[in-house]
Structures are given as C-alpha cells and as structure tokens.
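Scrolling down, you'll hit the structures one after another.
Each of the next two complexes has subunit A plus one other chain: subunit B in the first, subunit C in the second.
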Partner chain A sequence: MTGYIARRLLQAAGVLWAAFTVSFLILFLLPSDPVSIMLDAASGNGYVDPAKAAELRASYGFDQGPLEQYLRMLGRALTGDLGTSISSGAKVTTLIAQSFPETLKLAALALALSLVLGAGIATASVWTRSGRLRQLLLSLPPVGVAVPTFWIGLILLQLFSFRFFLFPAVGNEGFASLVLPAVTLAIPLSAVVAQVLAESMQTAWRTQYVETALAKGASRGRVITRHVGRNAAIPALTILGVLVGNLLAGSVVVETVFSRAGFGRLIQTSVQAQDIPVVQGLVVVAALVFVLVNLAVDLAYPVLDPRITRTARTTT
Partner chain B sequence: MSLLPRSSRPPRRRLTLLTVTALAGALTLSACAGGSSASSGTAGATTAAPTSAPTPGGDLRFALGASPQGVDPQQVGSNVSIYIARQLADSLTDQDPKTGEIVPWLASSWEVSPDLTQFTFHLRDDVTFSDGTALTAETVKKNFDSLTTDLAGVATLAGSYLAGYTGTTVVDEHTVTVAFAEPNAQFLQATSTVSLAIVSDATTTVPAPERLQGKVIGSGPFTLGSYTQDQGAAIVKRAGYNWASDAFDHQGEAYLDSVTFSIVPESGVRAGGLASDQFDAVGDVLPQDVPLVESGGGAILNRSNPGITFILHVNTSKAPLDDAAVRQAVQVAINRQELVDTVLSDKFLPATSVLAANTPGYKDLSDKLAFEPDKAAKILDEDGWVLAADGIREKDGQKLTFDVVYAPLFTGSQAVLELTQQQLRAVGIDLELRQQTPAEQSTTQKNGDYDTYYYNSTRAEGDILRTGFSSKFNNLNRRAADTVLDPLLESELSEPDAAKRADLLGQAQDIIVDEGYAIPIFELAQSIGVGKDVQGLGFEASSRLKFYDAWIQQ
Partner chain C sequence: MVAPALTVTDLRVAYGSRARGTDPATDVVHGVSFSVLPGEVVALVGESGSGKSTTAHAAVGLLPGSGHVTGGQILLGGDALDLTTLPPRAWQRVRGARIGLVPQDPAVALNPVARIGDQVAEVLRIHRWATRSQAKARAVEILESVGLDNPAARARQYPHELSGGMRQRVLIGIALACEPELVIADEPTSALDVTVQRTVLDLLGELTSRIGTAVLLITHDLAVAADRADRVVVLKDGLIVEQGVTADVLGNPQHAYTRELLAAAPSLSDVRRRPVAGPVAAAAAPESGVLAAAVPRVPVLAVSGLTKVFRLPGGRGQDASITAVDDVSFEVHRGRTLALVGESGSGKSTTARLVLGLTSAAAGTVRFDGTDVTVSGGGRGRGGRVDAAALKELRRRTALVYQNPYASLEPRFSVGQIIDEPLRAHQIGSSAERRDRVAELIDLVRLPAGYIERRPEELSGGQRQRVAIARALALDPELVVLDEPTSALDVSVQAQILDLLAGLQDSHGLTYLFISHDLAVVRQVADDVAVMRGGRVVELGPTQQIFDHPVEEYTRSLLAAIPGSHRPTRTLEGVIA
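Now for the complex of A and B:
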C-alpha cells in the first residue's frame, strides 16, 4: 500500500515537472515577450525608449538564454516561489491563493449538481418502462454537451438576473452569486455523467444477476440501487478525473460570463498578457489538482468494488 | 472528449426544438429590452442638467469592462486603470475639457522661461496627502526624480513627458523649478495628466510593483478603500478635500461616499446589470447594448478620445504603399461617414484629421478626407494601375493589395475594417485583414512585417504627433529621416507662442494627410452607460471619467 502510494506520488511529480517544462517551452516559443506587451499597455501605444525596455527585460532575466531561464524558474518553483506577475508585479502565489478558493467553491457546487442531475437522468432512464420517455431522457446528454456554455450562461442571466432579479449577475459575494455560474457549469458536466452512467446502467440491466434478482422478486428500485447502480458507478468514477479537467476549463468561460474572480479568469487574463510566471504557476496548480483527483479515484476503486485489487491495477 | 456523443439515436430533432424554444425566449427578452427607447444621451461631457441640487452620500456601483493593471496613477495607461487611479491623486495643473486650457490645481500659478526649458510652479500651501503629510516643493522634486530613476522602466508615459529632464530645484517650501536640456513645450499639459500626478513623499520610495498593487497615497478627492487584482476596487471619499481645480464643477469634498468597481468583461452583462439596477454606471457600452441601457431610463455619455484617431499607419518602405499616389488614392476612397453610420453609432465621429477634433492643435482637414471614389480611380488610372478581371487593379503583374494589422481591443474595429475593405474593393484595391493579439503585434511592429498598422493613441496635446510620426521614435512609417516633417515636429517643442505652435502642428497634419503617411478613419469615443439616478458623472480632458462631481439622486 505505502509502496503503491509512493510510486503514484513519484508519477505525480513527473507529471508536474512535465507540465512545467512543456508550458515553459510553449511560452518561450511564442514570438513576443511579456515586457513589450506590458509596456504597450502602460504607454497606451505611445513611444517606449528601447533602452528602458531592455533594462526592464534584464531585470526579469529575459535577456538570459532559454536554458538558464528555465533552470532559474524551475529552481525557484521547487522552493515554492513561483515568481511575480510581469503585468502587475503581484506575487504569483498570492494571485493563485486569492483566486483558487473562489473556483473551488464554484467547482464543488457544479460537480455536486452535475452528479445529482446526471445520476438522476441515468437512473430515470433505466427505471422508466416507457420507451418514449427513455429515448427522450437519453437524448438529453448530447444536447447538454452540444449547447455552448457561454450561451447557457447568458440565457440564465437574462432570465434569472435581469428579468426576475433572483440572483446577482456578477461578483463573488455570497451563495446567491454562486448559483447561476454553478448551474451553467454543471449542465455540460451532468450530460457527461448521464451519458456514461446511463450506458453502463443499461448494460448492467441486461445482465443475468439482474434477471436473477428480479426473478427472485426484488423491486426495480432495489435492483437499481443495490445491483445496477453500484456496478455502473465504476465507469462514472473513472471519468471524475476528466470532469475535474472540464471544470477548470469551463471556469474560464463561466467566470468571464458571470464576472467572477477566480482561477479561470486569471488564466484568461494572464494568457492574454503572456504573463509567463502566472501562466506557469496556473499550469502547475492545475496539473497538481488533476494528479490528486486521479490518485483519489484510483484509491477509491477497491472501496466501491472489492473485485478490483490494487495489484491488478498497477500491473496493467 | 471521445466519451461524449455516443448515444445510439441521433437527437437532432429534439436539439432543434430546444434551441428554437430558448432562442425565442432570448429574442423576446431583447425585444422587451429594445421596445421603449427612453431619452437618448447627449454628446456633451456631463449628464443632463440635474433636476435638483446635488445630494451628497451614497455608493456608486461601477462596472468596468476590463481588469485594471493596477492603481498607481504614475504607472497605469489603460482607461479602466485610470478610471480608478485618477480619483486618488491630483496633478500640478488641470486641463479644462471644454477649452483645452491649462488651469491651476496643486500649483496655483506658474512661469515658463522664454526658451521653454524651465518651468516654475507655485504650490498651494493648504494641500495634504491622505497620510496627513503636507504637499511641499520637496514632494514635487521627489516625484519627478523617482519618475526618471526608479520608475523610469515602468512609468513609460511619464518618462516620455519628462524626456530631457535635468532636475528639479526647490526654490522655497512651496516653489519648484523643473528644468530640461531642450525646449519642452508639451510639458505644461503633461503636468495635468494622470501620469504626472503627485503622490506623497513616502510613496515615492515604495517599490513600483507594490505601488501598482495599491500602496499609493495621493491628495485626491478619493482614497483607495480596497483593491484586489482582477477582482475589483473601492474608493472612499476623502474628508476635508478642499483643493479642486476650476475644471471641476464644484468645490469641497466629493459628493459620493464611495465608488465600488467590479470587473464585468461581457458587454451585454454590463448593460443588463445597469438596466436591472445592479449597477449605477457601466463602462464601454457597445452600440448594440445602447437600447437596453436606455430602456431602463438610463443614458449614454460620450466623448471622443483626443489624440491620434484610429488610423492606418502606413509602412512606406513596402510596395505598393511606397507609391505616394496609391496612398493618396486610399485616402479618398474611404467613406468615413458611412463607416460611422453603418457599423458604429451616431456617438462616433468620422476622422477629419489625423488628430481628433477635441485635441488642442487640431486642424480641420475634412476637405482632404472627403469621400471621392472617382478621384481615387483617376489617381490610380494615371499611376498605371489597371483593373483586372477579378476587380483588383494591377501594374507590371503586381496586384494592388496591402494588409492591415490590428488588435481587436476596441470591439467595433473588426466591423469597421471589414467595411473599409469593401469600400476599397469598389475602386479596385484589395485590403487584407490580419487580426493579431497585442503580443503578436509588438513583434510584427518590430520586424516591419505590415503594410498598414491600425491603432489609436490618446492624449489631449498635439505633441502626440511628434512621438507618433517623427522618424526618431517608433517610426511606424519606416521613413528615412527627412528634412520636412521631422524638423517641423521638432520645432513645435520649442515654440512658446500657442498660435504659432498650433500652426506648426497644423502644417504637420497637412503633410501627414497629403503624403498619406497615415489614413485616418474615425475618432474613438468613450461610451459610458449611467442609470437614471446618476448625475454629474463627467469626463476629464483626456476623456477619462471623473467621479468627483458625480452624485446619486435620492
């Protein structure tokens, strides 16, 4: 067990290193440099003395070779120092610490909503005896995935904020401000959950043990919760890691539409400004979240299904 | 996401149904919003005449269209940052937005030496910063000294205003002399800008990034209540403020208790939030959102940005625009009025010079920029460009085609350029649109990899022509140093007489338009939406907001 976790942690470190390195390479290969972008913004398209720009570049170490810069940044990152933002001068760790909890709240609520909604649709599609209703329910997930998130967000805003004044349109203040963004973010996610869960529930429904259970007189509800649901939960759990990735990516759009400060907005603004230290910090943190969630998922498998042993998983 | 659409049955019919239902809902909503068009805003600098005496108090909720880069007046350059930073600090002088005249503010009077190298300011003796310290001659010296040393790399606008700075001399406790190596006629107006706003002695020694993040103390009518990067800011009325300039509408403290800024990137959300009373005022209202703002009884405040209008800055070193005749044809082949009427709104003005009409030193060149497609065709015919079968002219096997590099910072830009493209095509010129991010643009600019470069630049001083068009600066024209325009732009700096200086700037505008160094398009305008209860919100001379005179009708 300990050996297994240690191996996984080592893998996680490798993933983090790769994320850091690849993001550095991509940002470094981009044709412009963040100092010019920052100076253009600060001077309102005016003239900037090239000597001063060069001086500023040197102060950030951008005049050094790529390998030197990479090693310096990596060394600093290892000590927990992700540097400072080029466009604002704020510490990257501070920026992330300010924005991450906001996105965590949003993501947690969205995830909970999507699980409830997704599981609800999947269960109902198995439960119902009406073929028409089943087809309708099964056609919902593709629709949920196909409709663009920003459009759902704008429609919700129009209805529940501008028309009926139920929820605030913008901001991070209080639970009310969380509702519309979380619903917006949850809709495509719940579609994924429903799709996967419905598929595996339908499969499980056709198995012999379900027939046996039904033949022995168990109610549909009991069969679904005790037999079908538990077996179908494994594939759904597998995609949890993917869902977390979707949550982070979706937060870019949702936080922009709902003007929420958070991780996604920070990604958007810092990529636009080519703010290398901030983008790298965000990539590393996102990779960390991803790695941790997948580790947690792996550890949860045996709990849900005793047939899955850890040794079996690590050898495959 | 290969996991997703694996449903056995294609759900197209229901998807269509759902889309139509929701779309209908959206249309109904926008129709409701557009239905009752209330009183339209005027093009003036302030809101309609207040219906009663100003009532002090209250919090004004303002939605910014973009994230400010920081709140230090001396370092920021973007409009949204200046909306906040401008309220925190005062400048030595102020510029009257109606007349362009420089009026006293922290300095009650000043003298300029005849050779325009020495500027002596007599400071008010009753001014204090919000940390309690007093404004002295020493403070001013520390400000200018730090701007040319510690802040030189980051306070780029201030740096360009202070070019040739040799030092500040403290004459007595409330008198300073600022000296330059060369004549510097633009400096007096520069002292009225936010970039040369005066901060407290203590602030001048704070590191630049910390200042940008909010560690900045000014003498302004508001103080910084809170600022969190990318989240928002609040400014609070400064009790005891009593040194407003004559460019403001009243004296004493600000009317508002506070202003709360939130960052709302979506234009539709800003307008909807204003109409549903979640904001009192919003920035950057797009033309399509104007009806929504007005439906709630709100109004739109507009003012053109002074300075260089939106232009196509021509790279004169590349074919076909190295040919002056082609540039002159382009100049009259564009229907500027149609651009404004079709894709912008009546709140925008077509360019009538390379400078916006409210810039001191502007010269009306509307005759030269009139829409004359026949003249354009004639110029091109005579120059040997013949129409080919595809409708594009050619000469010696070369197509008459050039590109424009632009960043969509102003939302209307793409539509403007697309229509320009059609207009030029009508006379046989092919314009290729190259949208770039600001990041890509700086490389393009450096490498000269463009035929024309689209941008605008804001400053309420004709001197902006010099930094924009002298071959000694960015030189977007890629011109060799010349003996006509460059000396003309230099001479403007050493001309003490305002009328003569305006004449020099006028000559420079003539040359730029005649030679086709730049193709002016339209004047950028600020478009601010205000709720029906907001009064007195206005623009300063550079068309940035001032909240000092604003109040909320109870």
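Now for the complex of A and C:
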C-alpha cells in the first residue's frame, strides 16, 4: 500500500516535470523573442527600446543558453518560485494563490451540482418503466453537451439577473454570485455524468446479480440503490479526472462571461497579455490539480470495488 | 389430494410488442401445462430455444426484456394465487418468500461489490424475517447450513473470493432462506465442474426435501434430470412433447424427440463415435519407455516432464507462484486421440497451450514428430526462446479449436474470410486456389456452400463450431488440439460435432489432443485418457481401462460424479436397447 502510493507520487512528479518542460519548450523556445513580446505587451505600441530589452534579457537570463535557462527556472520552480508576472510585476505564485480559492468554490459547487443532476437523470432513466420517458431522459445529455457554455451563461444572465433580479450578474460577492456561474458550468458536466452513468446503470441492470436481487423480492428502487448504483459508480469514477479538466477549461469561459476573478480569468488575461511566466505557472498548477485528482480517483477504486487490489492494478 | 405447489395451465409467452402479442406466431411458449406437487422435483428438459427457461422465468415473473405472458395461468400454492395477473408490488412479496430462484451461472449471479453475508441477509430483511442484527446472525447460520466452512469469515468475504461451487451454495442459501414453497433452479450446475455439480445438486435435494419445498429444475442435461427428478417434462419449440415419471419417460420414451435427446446424451448412451483403436501403442506409458520403445513409429506428440509456473501478483515466498503444470509426460500416436481430463484448474488447458507453443515452459520438452519444439525460458507470457522458423512450422502442422465458438470467430469477418485466414497468414496459394480450398473446407465440415458469405452472428452455435473446425483444418494439420470443443453446445449438436470430428479423424488420419472436463464425452471419443489434477497427470491409460478399472481414488470419484450414474441399471439397459 505504501509502496503503491510512493510509486504513484513518483509518477505524479514525472507528470509535473513533463508539464513544466513542455510548457517551457513551447513558450520560451518558440521562434519569437519573449522580451520583445513582453515590452510590446507592456507598451502596446510595437516600439521596443533596445537598452530596456537588453536589461530585461539579462534580468530574465535570456542571454544565457536554453539549457541554463531551463535548469535555472526548474531549480527555482522546485523551491516554489514560479517567477514574476511581466504585466503586473507580482509574483506568479501570489497571483495564483489569490485566484485559486474563488475558482475552487465555483468548481466544487459546479461539480456537486453536476453529480446530483447527472446521477438524477441516469437513475430516473433506469427507474422508469415508461419507454417514452426513458427516451426523453436519455436525449437530454447529448443536448447538454452540444450547447455552448457561454450561450447557457448568457441565457441564465438574461433570465435570472436582468429579468427576475434573483442573482447578481457579475462579481465575487457572496454565495448568490456563485449560483449562476456554477449552474452554467454544471450543465455540460452533468450531461457527461448522466451519459456515462446511464450507460453503466443500464448495463448493470441487465446483469444476473440484478435478477438475483429481484428474485429475492427486492423493489426496483432497492435494486437501483443497493446493487446497480454502486456497480455503475465504478466506470463513472473514471471520468472524474476528465471532469476536473473540463471544470478548469470551463472556468475560463464562465469567469469571463460573469466577470468573476479566478483561475480561469487569470488564464484568459495572462494569455491575452502574453504574460509568459504566469501562463507557465498556470500550466504547472493545472497539471498538479489533474495529477492529484487522478491519484485520488485511483485510491478510491479499491474502496468501491473489492475486486481491485492495489498490487493487482500495478501489474495490469 | 394435496394442492400442487405450482400449476401451469396452457401458458403462452411471447417476446416483442404487447400490442402484437396476441398474434400466436410471436409466441415462444405455445400452451404449456404441468404441475409440481409440494416436495416434488420436476425437471423441465429441452435444448436451447425449447422455451424451458422462458417458462421458468414466467413463473417467477422475471421474463427478460419484452417478454410477457399472452395466455394461460400460473397458480402458486394452496391459495392458487394467479401469478400472471400479479401487480409489481404483490410480486415483491412472492419472490424470495414463496418462490426462490437458483440462477444459472454462479460466477455472475452475486453482486461483486457486496459482502456475501449482506447478500444473504438482504432477502431476510426484505421479507421482514429478521431485524438488521438478527439477519446478520441468521445469514451466517444459512451459510453454515449450505456447507460453507468457517461461515462467519465467509460472510465478510466478497463473491470473487469464493469458488464457483461455494457461490452456488450461497445462492441456494439465498433461495431457501425464507423457506419458500417452490424453488426454481435454472441450470443450476451447468457452469460447474462435475464433482462440484454432484455435491451442489445433493445439497439442493437435501435442503429442499427437509423444508418440503417443491423444485422446478430446468436442465438441458437429461442425465441430471434422470438422477434428480421425480417427474420429467420434455419441451421442444415451446411445446411439451412428453411428460411423466422420470423412469417411464427416460426408460421408455414415447416421443421420437425424447429418444433423440437420449441418444445424444453422452452419459446415458454407450455409443462410441469411433471404433476402439487397435492395440498399437495403446499403453504408451511414457515413464516406462519400454512400451514406447517397442512401438516402431515416432509419436506425433511426445511431451516429457513439462512444467509451467505462474507468478502470482504480490505473492511472497511460498505464495509467490503456482505450478500450473507439474512434470507432465505423455505421447500421442498418429491417428489417435488422447483425452486430457480434469476439473477447472487442473492444468489441462495450460498443457495444451504449452504443446502449441503459445506459452513458455519452465522445464521439460515437447517433441513434435521427433523434433524438439519446446518454447522455454523467459517465463514472461509469450515469447521466450524458440527458433522462429521451427515455431512457424509447428503452427502450420498443428491447429486449435476453442471451447466457445461465440468468442473464437472474428465477428467482422465472413465465414470465408475466417477459414481463409490461416492460408493468408502462411501465404499459401493464389487467391483463386485459396478460394477453392475454402469451398472445399466448408464442404468438408458439411456446411452449405452459401454460408461462405455469412457472418458468425448469423450462425448457430453448432454451425460456428463447424467453421472453427474448418479453419483449424485449413493448413492440413497433423495434430489438432480440441479444447472443450462441445461444452458450449446443446446435446444433440454436441453429438453431431463429435461425429464430424470422428469422421474427419478417420478420413484425414488426424491426431487429436482432446481437452475435456466431461468424462462421458471422453469415453465416446478417446483412445487414451490422461487424468489431470493440480497440474499433474494422476492416471494415464487406454480409455477402456481407465473407465472400467480406475486405479486412482480421484479417477474413481470423477467417474462416480458423472450424472446419470444414479439411475438403476435396468432403465439404463432400456436406453441402450
């Protein structure tokens, strides 16, 4: 068990290193001069002062070879220093630390909503005896996946902020401001959850152990909650890692539409400003979130499914 | 007159839309009537598609998919409760409490993520036979009553930690927990080894007679029905062709179909598919070497000291590995059949894989026609050290027919492409020549020529196995390994495939290595028998000798477990006559 976690942590470190290295290669070694981009971004008029450029080059270490630059940055990153923002001059870690809690709140609420909604649709589609209702329920997820997030956001804003004044349209103030963005983010996510869960619940419903349970005299409800649900949760758990990726990507759109400060907004603004150190820091932090979620998912498998032992999983 | 536990009257069942259900053409059960008295065992026998399973599922209200009763009555117990008109909530009070179900395949019939004890307790909780804590204790008692060792520990285990036989015992415990009036056992042992099958059926018989429960036993195996049932109902295409007291129906069958079934049942008939081979190399006992030396010919296959060790994940020391095949030696001579018999885990299939070079051996040699073709070393799955050319030559001269023709044929290929594949792989002949060869092979396995364009899904199990045999024969092999070639098939189809294999052996001089757990089949086809247990060959000799004068205790217990052996000799003679 300890060996398993140690191995997984080592793998996680490998993924982080790869994320750092690939983002370094792309952002710093592309055939463009980061310093001119920075100065251009700072001045905004296309003029680059050569003296200022040389000074900046030296301070960022761009006058050194790529390998030295890379090793120096990696060394700094290992001590928790991801550099400073070009546009604001603030430390990258500070910027991320400020924006992250807002997005975490948003993502947590959206994830909870999407699980409830998705599981609800999936369960209802198995529960109902009516073929028509089942068809209707199962046609919802494809619609939810297909509709663009920003459009859902705009419709919700139109209805609940501008017509009924129920929730604020913008900002980070209080729980009420969280509701509309979270719902916007949750709708496409719940569609994915519903699709995967409905599929695995339908599969589980056709199994022999469900027949055994029905033959015991169990009601449909009991069979779904006690037998189908837990078995169907296992494939659904697998997509949780993907969902968190969707949440981060979705937060870019949602935080822009609702003008919320947060991780996604930081991504959007720093990419637009070509604030390279911040973008790289965001890539590494996003990779870290991914790695941690997937590690948690892997550790949760044996809890849900006694057939999976950790030793067996590493051999397959 | 005692009221029957179950009375089925003119039952009709159809699949498909309810609106069209009134059309008798869609029925799969066309008016079936029979009854089961309290404490009586009635067997519903028939082949796939006979409607036996549909009838049983109708009686417990669990028809799959679009299945529904279109006519007739199913009356339960003394109060003659009509099950065909029962609303869902009333059904919940009947299932588990008044009717128990023992399902077909214990491997998949228990919830894999719930503890054994909880799954037994659930039925008691549903019918309010016990409070939560009482149910827990009662579940342990039930597990003990079905013969599980250390029941308290078993109750905390999960299904995958139990063997197939133990799981079926658990399911019997669940079915009988509320002491129902009727138990429906749907092919309860067809997925189990023969010795386990016997003990499980013994248990079911013992418990039901103690409680006085009526049993409706669904089986395709006439021998099981012969051993276990008081009365037999023979079904064909959704109709009853014959029913009556077991000894009468099986001893003196009135209907041609019953006679056909009896003739096809391997354990009830003494028909040999081929004449017993001559004494040449009959007792090819490899250890002695004396007899082998006396035979002038080189055996097609000579296996000596073959050993295969599997490493277990996470095991340490003693538990780190299991010896699946342990010092196995035998010879097979040209044109003869050696049967490797044994139960699950005896190492018979692994031995076959070693012979074909599909896995590497830890020790020992495999000689094919005098040439050493052992795939050795490595130890890690396939690969290992072997001469690639020699291995390709071995692949050309040997062939394998798998157990399950539903899984062994590529579903996207046509029958022609499937049979052609070995020819293409070995680049034999032009495409025109290959086309002729495929047509010839299809004819050889007696499939209509038009089947060449069909896909496996359009074929029945028996037809699929014919395709698999044609594919095996494509390269004119000398040795064919048959891994349980008929165990997935109905008895009458099984008989046809065995006849086909016997005919091909005679006409082509084929040598067979016949892997089987079914001693009754082995008796019909094998010249020599090697009995395997725990990776070792415990007894080896000519078929007649093994069956008539078994030396080892284990062989004797296997023979005694063959269903049909409980029947009095008188009726058995009647069958043969």
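By definition in this document, the second predicted complex is superposed on the first by the 299 of 316 C-alpha atoms of A that agree within 3 Å, B and C clash if a C-alpha of one lies under 4 Å from a C-alpha of the other, contacts with A are read in each partner's own complex, and residues count from 1 in each chain.
To be clear about the criterion, a contact is a pair of C-beta atoms (placed from the backbone, for glycine too) under 8 Å apart; a residue touches a chain by one contact, two chains touch by 3 or more.
In this text the structure is predicted, and so the values were computed from the model without any measurement.
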Subunit A as common anchor, with subunit B and subunit C clashing or fitting: fit
Subunit B versus subunit C as contact partner of A:217, first or second or both or neither: second
Touching partner for A:155 - first (subunit B), second (subunit C), both, neither: first
Partner chain(s) touched by A:84 [first = subunit B, second = subunit C, both, neither]: first
First (subunit B), second (subunit C), both or neither touched by A:2: neither
Touching partner for A:208 - first (subunit B), second (subunit C), both, neither: second
Partner with the higher number of touched subunit A residues, subunit C or subunit B: B
Partner chain(s) touched by A:146 [first = subunit B, second = subunit C, both, neither]: first
Touching partner for A:172 - first (subunit B), second (subunit C), both, neither: first
Superposition-derived minimum Cα distance between subunit C and subunit B (Å): 17
Subunit C-contacting residues of subunit A that also contact subunit B: none
Subunit A residues within the subunit B interface of the complex: 30-34, 36-49, 52-53, 55-56, 59, 84-85, 87-90, 95, 98-99, 135-136, 138-143, 145-147, 154-155, 157-159, 161-163, 165, 168-172, 191-192, 195-196, 199, 239, 242, 246, 256-259, 261, 265-266, 269, 272-274
Subunit B - residues contacting subunit A, complex: 1, 3-9, 11, 14-15, 18-19, 22, 25-26, 29, 63, 67, 69-70, 75-78, 152-157, 159-160, 208-210, 212-213, 228-232, 262-266, 268-269, 272-273, 275-276, 278, 437-443, 446, 455-459, 464, 467-468, 473-474
Touching residues (chain side subunit A, partner subunit C) in the complex: 207-209, 211-220, 222, 226-227, 230-231, 234, 304-307, 309, 311-312, 315
Complex interface listing, subunit C residues touching subunit A: 60, 62, 88-89, 91-97, 99-101, 103-105, 108-114, 122-123, 126-127, 158, 160, 171, 174-175, 313-314
